[in-house]
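Pasting a structure below so you can have a look.
Letters A, B, C and D name the chains as they come in the text, with residue numbers starting at 1 for each one.
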Amino acid sequence: MKKIINDPKNVVEEMVDGLVRSYPQYLTKLPDTEAMVRSDQASMKGKVGLVSGGGSGHEPAHAGFVGQGMLSAAVAGQVFTSPTPDQIYAAIKAVDQGKGVFLIIKNYSGDVMNFDMAKDMAELDDIQVKSIVVDDDIAVKDSLYTQGRRGVAGTVLMHKILGAAADQGASLDELETLANQVMPQLKTIAVALSAATVPEVGKPGFELADDEIEFGVGIHSEPGYRREKIKPSKALVQELLGKLDDELKLQADHQYAVLVNGMGATPLMDQYVFCHDLLDELAARDIEPAFMKVGNYMTSIDMAGISLTLLDMTTTNWLDYLQYPVKTIAWS
Amino acid sequence: MLTVENTTAWLNQFAAQIEQHQSYLSELDTPIGDGDHGGNMARGLAAVKTALATQPADLTKLFQATAMALISKVGGASGPLYGTAFLEMAKQSKTDTDLGTLLAAALAGIEKRGGATTGDKTLIDVWAPVVAAVQAGKLTQTVIDDAVASTKPMVAKKGRASYLGERSAGHLDPGAVSSGYLFTTLLATEGIL
Amino acid sequence: MKKIINDPKNVVEEMVDGLVRSYPQYLTKLPDTEAMVRSDQASMKGKVGLVSGGGSGHEPAHAGFVGQGMLSAAVAGQVFTSPTPDQIYAAIKAVDQGKGVFLIIKNYSGDVMNFDMAKDMAELDDIQVKSIVVDDDIAVKDSLYTQGRRGVAGTVLMHKILGAAADQGASLDELETLANQVMPQLKTIAVALSAATVPEVGKPGFELADDEIEFGVGIHSEPGYRREKIKPSKALVQELLGKLDDELKLQADHQYAVLVNGMGATPLMDQYVFCHDLLDELAARDIEPAFMKVGNYMTSIDMAGISLTLLDMTTTNWLDYLQYPVKTIAWS
Amino acid sequence: MLTVENTTAWLNQFAAQIEQHQSYLSELDTPIGDGDHGGNMARGLAAVKTALATQPADLTKLFQATAMALISKVGGASGPLYGTAFLEMAKQSKTDTDLGTLLAAALAGIEKRGGATTGDKTLIDVWAPVVAAVQAGKLTQTVIDDAVASTKPMVAKKGRASYLGERSAGHLDPGAVSSGYLFTTLLATEGIL
């Protein structure tokens, strides 16, 4: 394991410190926590607060999306480990303007439980708290008999849409309604060429041969659903888009937002080649994205791979939300 | 019978086991998880040791201090689950300090918090048979070991391991193993059982 | 070599196609070239045109910096290969508004010669062309008897400063003066943990052992100046900042802009830890950056590593230029 | 003596050599460069072949077509240098088609364009002795081979290899090797020398 770090035990503390001191105009760290709150206090006045977070290792998510038009605060847990309720609660308190606080929670056992306990703590303080559990990943079957689907890169589009609505003065209930309308239209699937290495673990989460890819990975470097031989970009696009098509039933007269997300170590060069094939494949279905973003938004440390997110925006005004101006480090 | 002294001894022993087997727990959490269970538990139990270094006034305060340390330091899935377990024991201990009753309350809290049940390949697959054995006055090391081993062939239906589907079979559940240490040290602590 | 591409021979063509079709609001490709021009024609009216470019493989540089307040056009050559004069000339023609065109050229033998030949072609058309050759890398000794220093991540700050000045109506001569004032104050040094793999080559430019780093690398995966054992982030910062200090003579009462740049495969996690150590090390010298940016700006495909750029802005208004609003894909 | 026919044959042979040794040239460009010289030259010479498939009217047009193909397709450092070489030969050929004179004009163009000189470990270290030998009527394969080999121990002072300093010694210069193919095929083409 070769990384530019110091003691692996201190990675999160040093990382958050480096981040907030590099971008003090965006982020303010709450003392004795790894929670980061929007520095622009004025922009939060009278609005519903938006709090998200999760284990570290997904940078720029989530702190890179804190700022006017997007999140009010992000809480960073240990690497790949959900943050604890006391820290989430501190963030909730810090951004509460009396209009309530909305939590964007990625669907993992730990995230759901820790955010839930924080909600309990906040409600004891008479802070109204509502939430959405994001489960956009389609690689895993959703079932009453499973943990449910994972929350992955689509979470960033949820941040963006709710952030715009909140900045425009949406109430806590309106945000909940909006979130629940968005969720079923938001689908993601990913492929990895190599696993991530967690600093304290010191080796990759799984090993792939030089000619293997892992299909259906999440963002915590647990193995995916299926291992295959490496294919050219065009073939990967056909497979991933095919799976999304099965879920969303892509139609020519529908309006889609697309997020092509790098998992951390995949260069933009590859991401743009993937886009070339993706846009051709969508064009073959008579589809041209109404909105598109390409880059590293929700990574898995140094995993090589790509995730593809589609959001069906048809008959909604979500495009306006996606295009609404923001002031954050990582979304422009 | 639980006392502040022997419960403190138990949890310090548990912390020592976690510390000793930290890498192993994270190894288990690698093929079917994200490799952090050992680190999570070690961080949390270190905080528990610190909290218990100042002798708590009574069992309730002991369980509460333990719960708070775990909740605020472990994180992940295991933090809320172990934390809730001790929180429930704290609540229950106000009226009843019988070990079986406390552990049953803890297990109920775990099931409610995480929504899992026996057979889902989680730490519940150790808690459930162990708690039953404690209530029947029949806890042995074999009960604990068998419970931990029972998770190996299971296909996970809760937690991170469930994303792997069939591929989760053939691996011990890390939370089950750490719970195995909890109960092994319980059994070995003089004066409790 | 595991990449998300198709035939390596077609990487640049597919990459540029994917990029311009993902972001048509920013980029328009010139036919029969891999030159990308600002789509927002109105914002270029009556201004000096700014053209840059180079070999592909440094994404988001340079096309990610095309837009109002920054470049007018970027020309993409083959991977790690300077673009040809005919393509650069096409870009110059496309953005010329009659006020002249300023070229930002990275100091490599090929880049200098190709941009020079394009300048000749444009001047035959009576287009006034001036240029700056960026040579911010300090790893190599500058000398009459060498190729001179390389142009690396500092180029992005040059894009930003000249872009702001051009958007504010600076003349061709003023831009040349400004560029020549900036150049001596702009210094960069890099370290790599692994080399890049060029698609058509199929293997890394050099091999490092699991415990080795390469000091003084550029952005084309040629070996650096010295190989060493891996050090913790803090020690890397001390060495890199020490070298920059030798060059720039860092002073407490001076004003600095800092760019911490990921070389492609290094996660933001590591970059932020590096920032933590960098800010501590600067604080020990009584220095707090006046401006700071962290992320992947001038990469070397999938190289793991970091470059550190300092710009001494003391007694200038360059901070205003760095903070001037832009509309680009990769700088916000 | 150069004619359209034998010059076309020469350059097609050069293209064949470049195509055949493309990987080798890029291999040479790896320890002291960025690994693209083979690809750059192959792309350019393929364009030259296409351009010359339609027989040019005269030597000037031949050299011009060759120059334009190289300039617009090779890129990097070698593109402008080889391109300028043929551009200068095109210009010179309007008044003089003597091979030595043409090559001397090409060499002068290379030196002016790139600012390098002999001993800098570039393709000039092959062009200079070869051009002198042609002008003296004494070009042999040994002259070419020795010139290419002479670049091996040199420390590079121009081009990408110069960033490596002392580490550039002990490696053949890739541009020198591709120029070696240019002159080897020149020598072997019937009727030129």
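Please note the rule applied: a residue touches a chain if its C-beta (ideal position, glycine included) is under 8 Å from a C-beta of that chain, and two chains touch if they have at least 3 such contacts.
Just so you know, these numbers come straight off a predicted model, no measurement behind them.
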item: Rounded Å distance, chain A centre to chain B centre (Cα mean); value: 31
item: Computed distance of Cα centres, chain D from chain B, in Å; value: 74
item: Distance from chain C to chain A - Cα centre to Cα centre, in angstrom; value: 29
item: Residues within chain A bordering two or more other chains; value: 79
item: Contact graph of the chains (line, ring, star, complete, other); value: line
item: Touching pairs among all chains present in the structure; value: A-B, A-C, C-D
item: Residues of chain A that touch chain B when the two form their complex; value: 55, 77-87, 108-110, 113-114, 116-117, 139-141, 145-147, 150, 198, 200-201, 205-206, 218, 220-225
item: In the complex, chain A residues that touch chain C; value: 1-7, 11, 14-19, 21-23, 56-57, 59-60, 64, 79, 193-194, 210-211, 213, 230, 232-234, 236, 260, 264-279, 292, 294, 296, 299, 301-302, 304-306, 332
item: In the complex, chain D residues that touch chain C; value: 26, 30-36, 39-40, 43, 71-81, 83, 113-114, 157-165, 167
